[in-house]
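Shared between the two complexes below is chain A, which pairs with chain B and chain C, respectively.
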Partner chain A sequence: MATRLQFENSCEVGVFSKLTNAYCLVAIGGSENFYSIFEDELAGAIPVVKTSIGGTRIIGRLCAGNKNGLLLPHTTTDQELQHLRNSLPDQVVVQRIDERLSALGNCISCNDHVALTHPDLDKETEEMIADVLGVEVFRQTVAGNILVGSYCAFSNRGGLVHPHTSIEDLDELSTLLQVPLVAGTVNRGSEVIAAGMTVNDWTAFCGSDTTATELSVIESVFKLREAQPTDIVQDMRKSLIDSYL
Partner chain B sequence: MAEEAGVFMVPQTVGSVLCCKCGVRMAPNAANMCVRCLRSEVDITEGLQKHVIILHCPECNCYLQPPRTWIKAELESKELLTFCIKRLKNLNKVRLVHAEFIWTEPHSKRIKVKLSVQKEVLHGAILEQSYVVEYVQQEQMCDSCSRIQANPDQWVAAVQLRQHVSHRRTFFYLEQLILKHDAAVHAIKIKQMDHGIDFFFGNRSHAVKFVEFVGKVAPIRSRHDKQLVSHDSKSNNYNYKYTFSVELSPVCREDLICLPPRVAVSLGNLGPLVICTKVTNSIALLDPFTLRHCFLDADQYWRSSFKPLLTSRQLIEYIVLDVEIISPEVNIGGSRYALADVQVARVSDFGKNDTIFSVKSYLGHLLSPGDYALGYDLYGANTNDIDFDSYRGLVVPEAILIKKSYEEKRQKKRGKPRSWKLKNLNMEVEESRNRVEDEKKNTEYEEFLRDLEENPEMRFNISLYRNRDYQPSEIASTVDGDFPSIPIEELLADLDLSENEDEDDMHD
Partner chain C sequence: MRLEKCWFCSSTIYPGHGIQFVRNDAKIFRFCRSKCHKNFKMKRNPRKVKWTKAYRRLHGKDMTQDSTFEFERKRNRPERYDRNLAETTLKAIKKITKVRVEREAKHHALRMKGKKAKDHKEAVKELEQSIHLVKAPAVFQQDPTLTLPKMQVKVSQKQSEENNAMEE
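The block that comes next holds the complex of A and B.
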């Protein structure tokens, strides 16, 4: 189910939050509204963590992660690092990496199996990504843009890319990512997909300017209509219960 | 280009996305909305004028462009479209792509123009939109029409053309010249006066232009004056009436002149008796005995303004008895002359007495015994000229022949219409007092027409029109042996709209 919300009157939800299948990071806003909508949707299933990165609120664009791990830029302070290590589940590996392109959220777009990265990323960073996140890494561009993390958003079930992507590019990306892709817009015609929305396997959050058409496209490509959180979390809970016992 | 460098480029086909508002499938654009949704979102014609009032003068069909210019334009014409677009404010914010008229009833006083404009909206997409502007036409008389309405005879500048001679030949010729060059199109009124013509204009510059035109075709001297009509002390506007007094030189073609001694000397001792052969803006003088010719500028003439000794009124007919050519034919200033000794007798003397004159003439190439010639009778003339009297010991010939006469042949053609005709200026003529003056005018006009027939160079500057009423008859064609007549090629055919003949000539 896709939800529409705003962060302090800005529709760029993907800038101020990061949603994965195992956790959700939220920026610290003036009021609790932003946080409480996430809580409302996700409370039972995954932890919702309030944080800042490097003292900033644009956490969605600075970090990249999936259910296996979370990568943070070198600007992250030690306290933030510790806070995140404490709040997130143990199987999520939190790693701070040294990378010249520090806006990792703009440079890396990933789901639980595959990641697309900025073509100019360092070799060591690429290895780190493969290691920490447990994914296969591909250097790509989306519709001629090198900031793949901004112009596409995908989960394990589908993905949405920049509207000017040609059909050949779409086919190529779809083959790489092994998920169905569609070119579309978010927030009333905005092309910066990942900044305008954030998505995981069963839910999505979009800016409040998103039109009904865009919302229906998002729901159909990410297959959000039939998805129930309980199905996925069941697998996790089994393992949790096992460890207690 | 990368393709030329041999790099393999994947052909890119543009995909389609859903319009973010209405969900219709479309090619992606900068705003990612289909055109209809974009149009409903954004109205680029906001803030542009849709309703304008324009002022129109019903008399002269002009539209007012403030503050003062009146532009003449027909309905649905290019000028009107340009004018309408100029009257729109704020049109520089958008780019105008196309404009056209939408038909409205001519007397509905509404003009509708459809404009297509382009503007950049939302993230660089350019949107094109058309809209209709309605112009309401309000009637208001323009300044010139209202002035004419208030006082139709109101003139601002007048040109008074005068020539102090007893005939009107020059004015007939001038009339034709003015018609040909349209010099008097701006004249409000033309009035025929004693010894001249008055032209009235609405604008001083028109009058100045007319005076300059006359100065180019005739030797004139002029002066100008102005008279204060009204004065607005607040805005310091002065309204004047300007008058130009133009005097034409009294010397005409074929006049016999006795040059004053100083002029004769300054022209290189040209024999004091000369004949004027051509008058344009300079006077051409020919010495009939030595066949020397010279030109006098208008300024030069007016410095020593001499009058002719004998004018063409005083030409009498001579009959040629014998011709003996002295020198071969020469070509001077475009005309041919041949000096010859001729024996002539006055037609009035012929048969009655034996008065015969032996004179030198330059018409040797034209005359043969039995011909008639026109010339000045110096033997019997009584002249009253200071310059003439001032010469002592001047040998004066008894007769000077000027031109060959075609009178005999004309007798046969009398009463038959010519194959050509001339147009006339519409002058106001005063009612003539007596019949004698009328007849005099008619004979002068007749002589003028004959002059035109005989002189091709005079016809050069004049437009002749074919006379539709003329039917060439069998008899006339056989008689026209060496009778000078105007070849048909020189005639301009009138325009076909025969009912508008007069209008075509005087259209402005």
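The block that comes next holds the complex of A and C.
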């Protein structure tokens, strides 16, 4: 289910929050309303953690993660690192990396199996991503933009990319990532997809400026209609059990 | 809050002190005071500047390799908070600093080992060779056999008899 919300009158929800299948990070300093909308949707299933990174609130753009791990920039303080380690479940590996491009959320876009990265990322960082997040790493650009983390958002079930992505690029990315992709916009025509929304396998949160059309596109490509955490298990059961005819 | 090391002199930078310089390649240089910052701006190499830790380590004046240094690493993968672990870590920190100070003192003592003997030898040689700069040559020419040795004679002081002849 896609929900529309705002952080302090800004529709860029993907900047102030990070949503994965195992946890959700939310920026501090906003109204409790912002926090409680996340809790309403996610409460029982996954922990919702309030945090800052390097004293800033733009946590969605600074960190990159999936259900296996969380990567943080070198600007993260020791106290924040410890707070995240204490609040997140033990299966999630929390790692701080030394990287020149410190806005990892803008450079890395990932789901639980595949990651797209900025083409200029260090070799050690790429190995760290493969190790901590347990993903296959591809250095790619999206519609000619090197900041792949901002211009595309994908989960295990689908993905949304920059509206000016050509069809060949779309096909290429789709085969790399093994998920269906659609070129679209969010927040009334904003091209910066990942800054405007945040998504996991069963929910999505978009800025309140998102039109109904955009919302329906999002719900269809990420397969969010009537999807609850239990539904995913049901779907998997259907595909796992062979039907006898 | 984190206590960083000065890039130039390697001393600790406490909160509220110093300057951080971020270069265009995103490398951060932290300085503890303007002395270090100004030396950096002059493009001086800390390995050639005598009072820095980098120089002292490079030229063997201070201890370089020791197991106590390995405890003070920057760790990027934290562990879940455990009170017992925190307590033992705090105790260990104290012990490690104590051990490190002892080892540095030993290193210093080893470095200064032959100094006393060497100084003494040099002093004796200097006495032989350069004593003419201090004592007058005439003193050496006085033949000691010709002069009588100095003797101390004790003189008892007699009380003089009072002569009251004038008082009458």
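Odds and ends about this structure:
What we mean here is this: the second predicted complex is superposed on the first by the 228 of 245 C-alpha atoms of A that agree within 3 Å, B and C clash if a C-alpha of one lies under 4 Å from a C-alpha of the other, contacts with A are read in each partner's own complex, and residues count from 1 in each chain.
Here is the rule we use: a contact is a pair of C-beta atoms (placed from the backbone, for glycine too) under 8 Å apart; a residue touches a chain by one contact, two chains touch by 3 or more.
What you see is a predicted model, and the numbers here were worked out from it, not measured in a lab.
Look at chain A after the overlay: chain B and chain C fit there side by side.
Of the two partner chains placed by the overlay, only chain B lies in contact with A:211; chain C stays clear of it.
When the two structures are aligned on the shared chain, A:5 is found in touch with neither chain B nor chain C.
Contacts of A:176 after superposition: neither chain B nor chain C is touched. Once chain A of one complex is fitted onto chain A of the other, the partner contacts of A:165 are limited to chain B, with no touch recorded for chain C. By the touch criterion defined above, A:184 reaches chain B but does not reach chain C.
In the overlay built on the shared chain, the residue A:85 is in contact with chain C alone; chain B does not reach it. By the touch criterion stated above, A:93 is placed in contact with chain C alone, chain B being left untouched.
For the three-chain overlay built from the shared chain A, the minimum Cα spacing from chain B to chain C equals 29 Å. Those residues of chain A that touch chain B in the complex are listed here as 163-170, 183-185, 188-191, 211-214, 216-217. Chain B makes touch with chain A in their complex at residues 10-23, 28, 31-33, 122-123. Chain A makes touch with chain C in their complex at residues 77-79, 81-82, 84-86, 90, 93-98, 100-102.
Considering their complex, residues 1-2, 25-26, 76-81 of chain C touch chain A.
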